[in-house]
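Going by the order they are written in, the chains are A, B and C; count residues from 1 in each one.
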Amino acid sequence: MLRDALLVGAKDLRVEVRSRVALNQVAPFAVLVLVLFAFALDPDRGLLASAAPGLYWIAVTFSALLAIQRSFAVEAADGARDGLRLSGLDPAGIFLGKAAAIAGQLLVLEVLLGVGVVVLYGTELRGGTVLALTCLAATAGLAAAGTLAGVLAAGLRVRETLLPLLLVPVAAPVVLAATKAWEAALDGQSDQGWPWLRLLGAFAAVYVAFGVVAFGPLLEEA
Amino acid sequence: MAPAIRMHRAVVLLGRFPALAGADLLVEAGEVVHLSGPNGAGKSTLLRACAGLVPVVEGEAEILGHDLRRHPRAARRRVGLLGHATFLYDDLTVEDNVLFALRAAGAGTAAVEAALVRLGLSGRLRGVAAGRLSAGQRRRVALAVLEARRPELWLLDEPHAGIDAAGRDLVDELVLEAAAAGATVVIASHELERAAALTPRMLVVSGGSVTPAASPGTLANTAAAGA
Amino acid sequence: MKTRILGLLAAVSLVATLVVGWRLPPTEEQAGYARLIAVHPALAWTAYIAFGVMALGSLLYLLPATRSRKWDRLAGASGEVGVVFTALMLVTGSIWGRPTWGTWWVWDARLTLSALMLALLFGYVALRKVDMDVDRRAIISAVTGVAAVLVVPINHFAVTWWRTLHQGRSAATLAPSSNLDGSYLRAMFLGMVAMMLVYAWLLIHRIRLERLEEENRGADLAVALAERRAEAHDGAVSGAPDGGAVVGS
């Protein structure tokens, strides 16, 4: 299973390195979202700085939707999804590999967006441990639930519109918990961030486990 | 030894359309079989069903002794399909595509170099992204995967289509070599003469079922309908 | 025929709920809006049950040991009916909240959770509406249903902490249990019985409709198989120029 996960994950990252879709399209979009928030919330009244954690995680969630769409568009081209099924790869391995590749891309994006928040919103980064751990746990959860939603919608005519409707309600507690954990850390009260971090960890664990179990039937019978 | 393919009254649905409407097929291990029949007869669906890509919803289907309806995955590592789609990633190079396909199938990569040379992909093309290849070149990459993998059951859907004259001869060579090495090969093709040179056993697929080509008359009809 | 009795009971109890609810005396705090106690808690209760049944049906379909088409039909029907009850719960809650809180919506934990539940149900039902093979739809929606219920406990902690860490306002003010006198309680329980009967009646009919559709599809299949086999016959015997070749899809 892990061997197959490595194989699929490495393949997806190689596709990204060659095509640079995440780098050249998703990342600029994410930064643009940060700029749009500045239009919506008056930059002079300190609203942006105080809302920064929430805006940051909304930007991450939107970007995650794009990254997931891309991850499954790659498989849909010229029957590659059939190729994966035909290969006899362990479905759990495919799930973990695709989720890991999405998570990897999101983590890079989060660093970039972190810089964006500091530069554009004047946010001072504090509580680095909680910030970083929040990114790891929230990203793992988003990637796991997103990969699951991605394969659910893959192959349907309405996949582009269905994916957000399936994923966003499930990902809602991730956005909430990650925002609260970041708020606590940025306020210099990292200890208040830990309950949220544990919640993020639980979410990630639940959806990674469910994805490992459910991906087989989904790939085989759907 | 279990037959390579055994189907009894197998039904495959594409949406609500019965692409296979109770097909019977018996192919012994080591045989080379030619499937003929008009467009839309169900040849591609038959091959895809044998590869476990579309589910057999009624009837019986066994591939290399594995029950397709219960364990569709079990047979897959032993089956190689050359379909209309080539299962290539447009953004990966030819070589990376072949390597990934082999590793995914759990096959060794020792034969990759020879296969690339054999299919004329060893030069500049090796490092070209698959998305920039012509249709014929993509077929060659897919064939290179099969040649390097050497599965026990080859399912070739129109292997001669969209490929140049030298490529067609190469396809025939690969089929004969695979058969000589003991593999089973099923070819769906409209190229009756070429296929006849490869194997005497021809089956006609029509209306979602399979019948042996008993008489020259049937053959002529099929040719007319397939043209 | 049994469902006719069920339907009758549902209709009678629903009318009784409306009559009893309408005749409840207004309270000091909430005036006439207090009558909503006859329907709102019952709608909420039924909505949660519908969600639970959707999740249970999904799980039973997903487990290989219990996989059966009936669980898919149960889950799908309960999801669809659940959307109606959840939406009505939010609407009646809003109507109630307007005089009580002064706004249509407050970011109360229970309200937020209900809204998230409605969003999950919307996703589930939208997926089921997509035209695809029945078995495929069954497996995809079963996974979606289980994925939706898995998030509920996490949502619960997240939203409760979120709201209670800031202020103590909660939907508890909606149900003034302290000064709830007998007539209100009776109306509330009557409402619950009525809504459960309506839910059961809708559920059974939705399942029946789905089963009929599937049987119809099965009958179509027999015809389609015969037609498909006939193509072979036409092609081989008559040798008509377009025989058998016209099936391209």
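Note that in this section a contact is a pair of C-beta atoms (placed from the backbone, for glycine too) under 8 Å apart; a residue touches a chain by one contact, two chains touch by 3 or more.
On a predicted model such as this, the values are computed, not experimentally measured, just so you know.
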Would you pick out the chains that touch subunit B and also touch subunit C?
A
Averaging the CA atoms per chain, pick out the one whose centre lands closest to the mean of every protein CA shown.
A
Using C-alpha centroids, which chain lies at the maximum separation from subunit B?
C
Centroid distance [mean C-alpha coordinates] between subunit C and subunit B, Å:
46
Using CA atom averages as chain centres, what separation in Å is found between subunit A and subunit C?
30
For subunit A paired with subunit B, centre-to-centre distance based on mean C-alpha positions, whole Å:
38
Among the residues of subunit C, which are close enough to touch at least two other chains?
135
Mind pulling the residue numbers of subunit B that touch at least two other chains?
55
Identify all positions of subunit A at which a residue touches two or more other chains, and write them in rising order.
221
Inside the complex, what are the residues of subunit C that reach subunit B?
133, 135, 217, 220-221, 224-225, 228-236, 239, 241, 243-249
In the complex of these two chains, what residues of subunit B are touching subunit C?
11, 13-18, 21-22, 38-41, 55, 57, 204, 206-209, 211, 218, 221-222, 224-226
Spell out the part of subunit B that touches subunit A in their complex, as residue ranges.
51-53, 55, 72-73, 76-77, 79, 81, 83-93, 96, 100-101, 103-106, 129, 138
Name, in rising order, each residue of subunit C that touches subunit A in their complex.
62, 116, 119-120, 122-123, 126-127, 130-132, 135-136, 139-140, 143-144, 146-148, 150-151, 154-155, 157-159, 161-162
Help me check something: in the complex, which residues belonging to subunit A touch subunit B?
4, 7-8, 11, 14-15, 18-19, 74, 77-80, 82-89, 220-221
